[in-house]
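Read through the structure below, which is laid out as structure tokens, and then see the notes.
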Amino acid sequence: MHPTRVHDLEFAQLDLGREQRQGLPEVVYGPGKTPEQIRRIADELLRHNTGPVLVTRVDDATAAKVLDELPGGDYHALARLLVWRPAETDGFELTVVSAGTSDLPVAAEAAAVAAAVGLAVTTVQDVGVAGLQRVLRVAELLQASDAVVVVAGMEGALASVVGGLVGCPVIAVPVSTGYGASLEGVTALLAMHASCAAGVTVVNIDSGFGAAMAAHRLAWAGRRRA
Amino acid sequence: MHPTRVHDLEFAQLDLGREQRQGLPEVVYGPGKTPEQIRRIADELLRHNTGPVLVTRVDDATAAKVLDELPGGDYHALARLLVWRPAETDGFELTVVSAGTSDLPVAAEAAAVAAAVGLAVTTVQDVGVAGLQRVLRVAELLQASDAVVVVAGMEGALASVVGGLVGCPVIAVPVSTGYGASLEGVTALLAMHASCAAGVTVVNIDSGFGAAMAAHRLAWAGRRRA
Amino acid sequence: MHPTRVHDLEFAQLDLGREQRQGLPEVVYGPGKTPEQIRRIADELLRHNTGPVLVTRVDDATAAKVLDELPGGDYHALARLLVWRPAETDGFELTVVSAGTSDLPVAAEAAAVAAAVGLAVTTVQDVGVAGLQRVLRVAELLQASDAVVVVAGMEGALASVVGGLVGCPVIAVPVSTGYGASLEGVTALLAMHASCAAGVTVVNIDSGFGAAMAAHRLAWAGRRRA
Amino acid sequence: MHPTRVHDLEFAQLDLGREQRQGLPEVVYGPGKTPEQIRRIADELLRHNTGPVLVTRVDDATAAKVLDELPGGDYHALARLLVWRPAETDGFELTVVSAGTSDLPVAAEAAAVAAAVGLAVTTVQDVGVAGLQRVLRVAELLQASDAVVVVAGMEGALASVVGGLVGCPVIAVPVSTGYGASLEGVTALLAMHASCAAGVTVVNIDSGFGAAMAAHRLAWAGRRRA
Amino acid sequence: MHPTRVHDLEFAQLDLGREQRQGLPEVVYGPGKTPEQIRRIADELLRHNTGPVLVTRVDDATAAKVLDELPGGDYHALARLLVWRPAETDGFELTVVSAGTSDLPVAAEAAAVAAAVGLAVTTVQDVGVAGLQRVLRVAELLQASDAVVVVAGMEGALASVVGGLVGCPVIAVPVSTGYGASLEGVTALLAMHASCAAGVTVVNIDSGFGAAMAAHRLAWAGRRRA
Amino acid sequence: MHPTRVHDLEFAQLDLGREQRQGLPEVVYGPGKTPEQIRRIADELLRHNTGPVLVTRVDDATAAKVLDELPGGDYHALARLLVWRPAETDGFELTVVSAGTSDLPVAAEAAAVAAAVGLAVTTVQDVGVAGLQRVLRVAELLQASDAVVVVAGMEGALASVVGGLVGCPVIAVPVSTGYGASLEGVTALLAMHASCAAGVTVVNIDSGFGAAMAAHRLAWAGRRRA
Amino acid sequence: MHPTRVHDLEFAQLDLGREQRQGLPEVVYGPGKTPEQIRRIADELLRHNTGPVLVTRVDDATAAKVLDELPGGDYHALARLLVWRPAETDGFELTVVSAGTSDLPVAAEAAAVAAAVGLAVTTVQDVGVAGLQRVLRVAELLQASDAVVVVAGMEGALASVVGGLVGCPVIAVPVSTGYGASLEGVTALLAMHASCAAGVTVVNIDSGFGAAMAAHRLAWAGRRRA
Amino acid sequence: MHPTRVHDLEFAQLDLGREQRQGLPEVVYGPGKTPEQIRRIADELLRHNTGPVLVTRVDDATAAKVLDELPGGDYHALARLLVWRPAETDGFELTVVSAGTSDLPVAAEAAAVAAAVGLAVTTVQDVGVAGLQRVLRVAELLQASDAVVVVAGMEGALASVVGGLVGCPVIAVPVSTGYGASLEGVTALLAMHASCAAGVTVVNIDSGFGAAMAAHRLAWAGRRRA
């Protein structure tokens, strides 16, 4: 096992070895933390690591307070993401495709996190399967990607269609939009797992972050291997 | 309300007014009935109605016993359907499209019931969305239909794709094939309801019969209106 | 496949071929869109299509803002629907029947959308099966319809009762009213699928819109066939 | 509290005070017990109580073995019920109404248990709401009953319809027949609870026994009060 | 079938025959109705029936507005119930027992509705099975009742314990109190159905009203029989 | 961390350090293993540890084959347990109480495993809460125990009742007996978690083994502390 | 059974015998009670018992009002706990370990309640299994404890890891943090039950209180036995 | 879009363009197909493609029949996989790690499929988190892999632990082993999605095939990019 280091704040134990093990400092999950706690964690991570520092699911007011105390970062409002010291893009082509306008915040999180950790991100929006030509128009773009993140609520059928069009990794993100039988994203999650397109993988509902991190693992392992 | 007549067998009360109200004699649900009970019900229906008489979900052995006593009917093995006095086809074009080979028994039930009640049925098989060109190849056929029944298990995405291609009524049948996250058809049922294609309707899991009857309602009302 | 055209707004890709394929321009789902986005989409649809333009699930304030910028439309408050350029009624008789006063908003959406796309709509309210005579009083009206939309929460039994009374297509809409065992409409959805009345079809919970679109498919295909 | 007596067999503790507290000896649940255990329990109950002794959910082979050793009882095959020393009927009129032929075994258990504990039972079969006239034909019988047990699978709508027709107690029994969205009786159970007919009560899925015991409580309390 | 009469308000169809069929005018479900609608319905019911008129689930403000326009009624705040012309008590002894202080609003609804329709109601509070002596202290009261309503959230075990103590009808009301595994009352509902005490019946979650109406059916049928 | 040792068989990696860490060798889960695999694992565990060696969920035929090759062990048929080298009893008093005869196999597993690891086990059977006196008769025994395992299916109410009677640890085991609303033990599991008796803990459905191991942890920590 | 005493307030029946039976006065569940009710109950408990008096789930405003009227108690804001007359610590070493910062309120409740009833509590925070070294760093502390409470949301894996490291009792508390597939704690609850670490027990979602009470049972029974 | 070719057998439409789009011929899902259908499909795929041909979920008897008619393939019994013309290994290092012996069939499918499509596969078995040292022993192997497939039932915690140890892609496969709260793999699926280890992706329950195909996508895209 790689050597590991833990930094003990009173309210959190930072896993400083993570950058060495996984090529990226620990990412901070914002909800439930005060601006002051976020600032202190981000500060420590900036000090003891060299890569990008990210805080997810942060609202506007919190972001403003944190950036007041710890300037130099950027806030992506739609993605609710705080970033300091973003990574340089190194050429891994990730396409984030979403099915409807309600899926945009999740797609934005996926795109912003992926860009912050160094992927080259292209986004394609409002590509629902009820109008297939919208998918087919971008088929070549999708087929030229190193990986595709598919963000879709409702029945999540876009994951199957894209999964059948491309040979590269497909990471599906179910979204909690829709009503009734959508069951707050559970239907899309189950449907994506039952997909008839082989080898599609799935992350948690609304987890644009998880999809971006899965893409980061692809890029990181690819770089290491090359 | 139309006049109604009830015929009371010891173990069943036959709704003889249904043919007048709905254009079709009561259809018999086979499971849980003995061959003798089926024979007696079919016999009464043949006697007191003029239209086709159907018994659904009948296994081979039961069918053979019933037909021994009440000849003149046909048994469709894959569809598990017994039919006496099928209706003449009157020109309503129904296409039954299914996603994979596991969906064939349900598609067969839909097609056999629909044909027995007088629809002109075309079937298209193994049209999964993971290979879109298989759907696109039959787009014109689908678009020329008076109604389409979509039979699909797993994630049920075919219903959304077909729903977006055609303007006519689309009746989706979730199928209990697949494993794990397919949850015995519940995932497909929910996904079909959450479909992004507007106006797709859904019937019960594995109910090829229900889809055919929904199509019969379309044809019956259309004929009456014409 | 019919020729397809896609119009690319920055935040949405309009499926302009839909009117030709399905007899109706794309309908806009309001939630998650700004008034300005709604206005721009509606404007484009009015420009590039010839049929009615609808925006669903719009609240009063948003509707007022949109109509300020793009006059000529009507807002149906109970149905939360914006309509420009409604279709002429062409004689397809749709009856929308609802079970209780809590089901009225969903029934209103079904009725308003159906009317906007050219159906002749009659509504019947508060017809619960606990007082059967209320259903029986309107049996002839139901039986004379070209299609019936049944809107019901709680146990959704009205769909079975109506399904048994009429021979025409029955589209059931489960409603998320009720409490406890109603499970926010899931119980009604499941019960309507398990209905003992053959050929009843079901749309998503609270989707008056989906029911109206299903009825539009019936009318459109009927017109085409005639 | 009434005085209580417990009789301790090696494998069971008999609640001999129950007859005094509730007007009926403990009823034996058959599954998981050997014929010899059933015989010994029944023997003790016959010895130490004066009322009817019942064993539920017993298959044919077990029943035969038990009756060989402990004659004098009757076995109701469809109801899977063993009865010794049935009670005299005392005039409480119970009607057991069922929706379809698949519901018959559960209805048979309700009827057989109720008769064994002294109720005057009338059964009405195959009264589905898809043919309302079948219910209406028996409305007067139902309205003249002291209580009604409604046995129904699928969507369970019969409970609402009967609940609206009669003023007496209605005990609904969901049945695990049907397929797909019936969810093995869970849909009927939920739908019966969400019923729009006020004051309908529900017992466990397939529990004809439970319904009969609920009716026994009604009759017992009524007798005590009179 | 008893003669039926329907009174058609614009927004509701009153089932005026219900009093004759079931011994009680239709009860009005408050949610989703305006004060003016409630007033008009109550007014009609008072005019065309002779028994008590009830409106359930009404908040304080609505109740005040309605009573301003239609005086002579009483508002029970904890029960959220409006009553005009309550019935005379005729001697049917109903005990409403609840498990904890969180169950009080539901127990209050059961008690207030039952009293309004003429039952003699006794309430016993905070009788949790974790302190059995609290149940045992009231065993004689329970055993002397004509029926018992058990109101309990969490695991609902009180229904089984009371069901074992008394021979009279037991109507269990699951309550949506508790957190986590209580699943908003679903756990209590299921547990009450799985109860080892035979013949316990269950109504919908939080439905004090349903329990009271079930008790009314008992009393009404008992009176009719006597 | 205590030193750890892993023994690598081709098909399994034995955690030989577990006896030192937890006072008990690794217990073998039988299902899915061949008799030969079980024999080899048990042999290794006997060789490299000093405590009791247990294999759970073993059927008769497998047990016979294993004991042929590796004599010296005992097979408890009802508990489906194989034991070699059982521990000496050291005075920790565990009472295993079960609610009905269907719960006996699970209770037997709990008792047999607990005895094999050195606890002094008393079993009490058929103590359902529908006959409270059966619980109250054994209250003193329960109150004198060092810990109580409560085994109950259906609604699991016995856990709450026992939890309120005793001050010692109560470990509840939900059982998958019952039908319908019992949901194969899920209802009992949820109900036990929602229990109104504070400090009751729960293990997995049907896991007599888990309850015995939880009791072993109590006894082991108590011994260590003494 | 120990002698029992019940004190009857108008709105609550206090189980005064509980201190004698279980070594601790009844603990008051705050939600749904007015400050005045809480004060009166606490006052009675302080008067008639000798041990610590606790009220759980109390918000700041309520706590302030109660303490104004009944001084001498302490309010733990994060734990939402009111305590009067805390017990002396007697040496039982409990470690409360939590997985992330979102789990802190539940961990705080467990720690505060345990301390109030006399346990010696150590807390360890932010020990997620995604950085194993954080667990391994505290392995010796955990292994030296008399019992461990594991508080974890999301997938709850920490319970399995800790369960494998220590031999003492492990009480797992699932937490309702996380989103999507976390299903408000249900996933963690199920996962903890399915844990591969034998003998881990589980309490209700978010029930730091339940875990502390389970630990109190351990300590109380241990003391009694010593 | 790449040119696509469809080959139409009577019972299946082969997607011959898939090899060009995705680097692998269509894989055949065995269940529901006759040996003759499998043989004909495999034959066509061998003829019209150049890569490996696989049939999954095939039992022994079917495999034998197919190989009789179409020799040259291999059958992997534990994996239930038929393979003709396996691909050459090209250096992508995949490690398949499983948690217990019950997970072996799923792990075997993942490994056999991955090997057949050209990955270099290493398998590690019986690495449960209840004995952490078993994971830590193989940490370096895992960290040196290009991707890791984690196969685990029960609570699925191994995915989180491995996800935290390695930086490369982690594909988690929930397994339907375990009982009770395992809910046939649904608990593991949900827990893996809720994992605290960022960027872990999940495939369907028991889908060793899906995991291998996801790994194939990684390798294929990596090769293309290199």
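Here are a few things to note about the model shown:
Lettered A, B, C, D, E, F, G and H in written order, each chain numbered from 1.
FYI, contacts are C-beta pairs under 8 Å (C-beta built on N, C-alpha and C of every residue); 3 or more make two chains touch, one makes a residue touch a chain.
Note that the coordinates shown come from a computational prediction; the quantities given were computed from them, not determined experimentally.
Of the two chain pairs shown, F-G and E-G, the one joined by more C-beta contacts is F-G. Here the repeat of E-F among F-G, G-H or A-H is G-H, since over half of its contact pairs match by residue number. In a homomeric contact, the two copies may use the same or different surfaces; for chain G and chain H, over half of the interface residue numbers are shared, pointing to the same surface.
A straight line joining the Cα centres of chain B and chain C is 25 Å long.
Averaging C-alpha coordinates per chain places the centre of chain E 57 Å away from that of chain H.
A straight line joining the Cα centres of chain B and chain D is 36 Å long.
Distance between chain A and chain F, defined via averaged C-alpha coordinates, is recorded as 44 Å. Across the assembly, chain B contributes residues 100, 130-131, 136, 165, 180-182, 189, 193-194, 198, 204-205 that each touch 2 or more other chains. Here the chains touching each other pair up as A-B, A-C, A-G, A-H, B-C, B-D, B-H, C-D, C-E, D-E, D-F, E-F, E-G, F-G, F-H, G-H. Looking at the complex, you find that chain F touches chain H at residues 4, 6, 11-13, 15, 17-18, 26, 29, 31-33, 37, 174, 176, 185, 189, 204-207. Against chain G, the residues of chain F that register as touching in their complex are 1-2, 21-24, 27, 92, 136, 139-140, 143, 146-147, 165-171, 189, 193-194, 198-205, 209-210, 212-218, 220-222, 224-226. Those residues of chain G whose C-beta lies close enough to touch chain H in the complex are 99-100, 128-132, 136, 153-157, 160-161, 163-165, 178, 180-183, 187-198.
Considering their complex, residues 100-102, 104, 125-127, 130-131, 133-134, 137, 177, 179-182 of chain A touch chain C.
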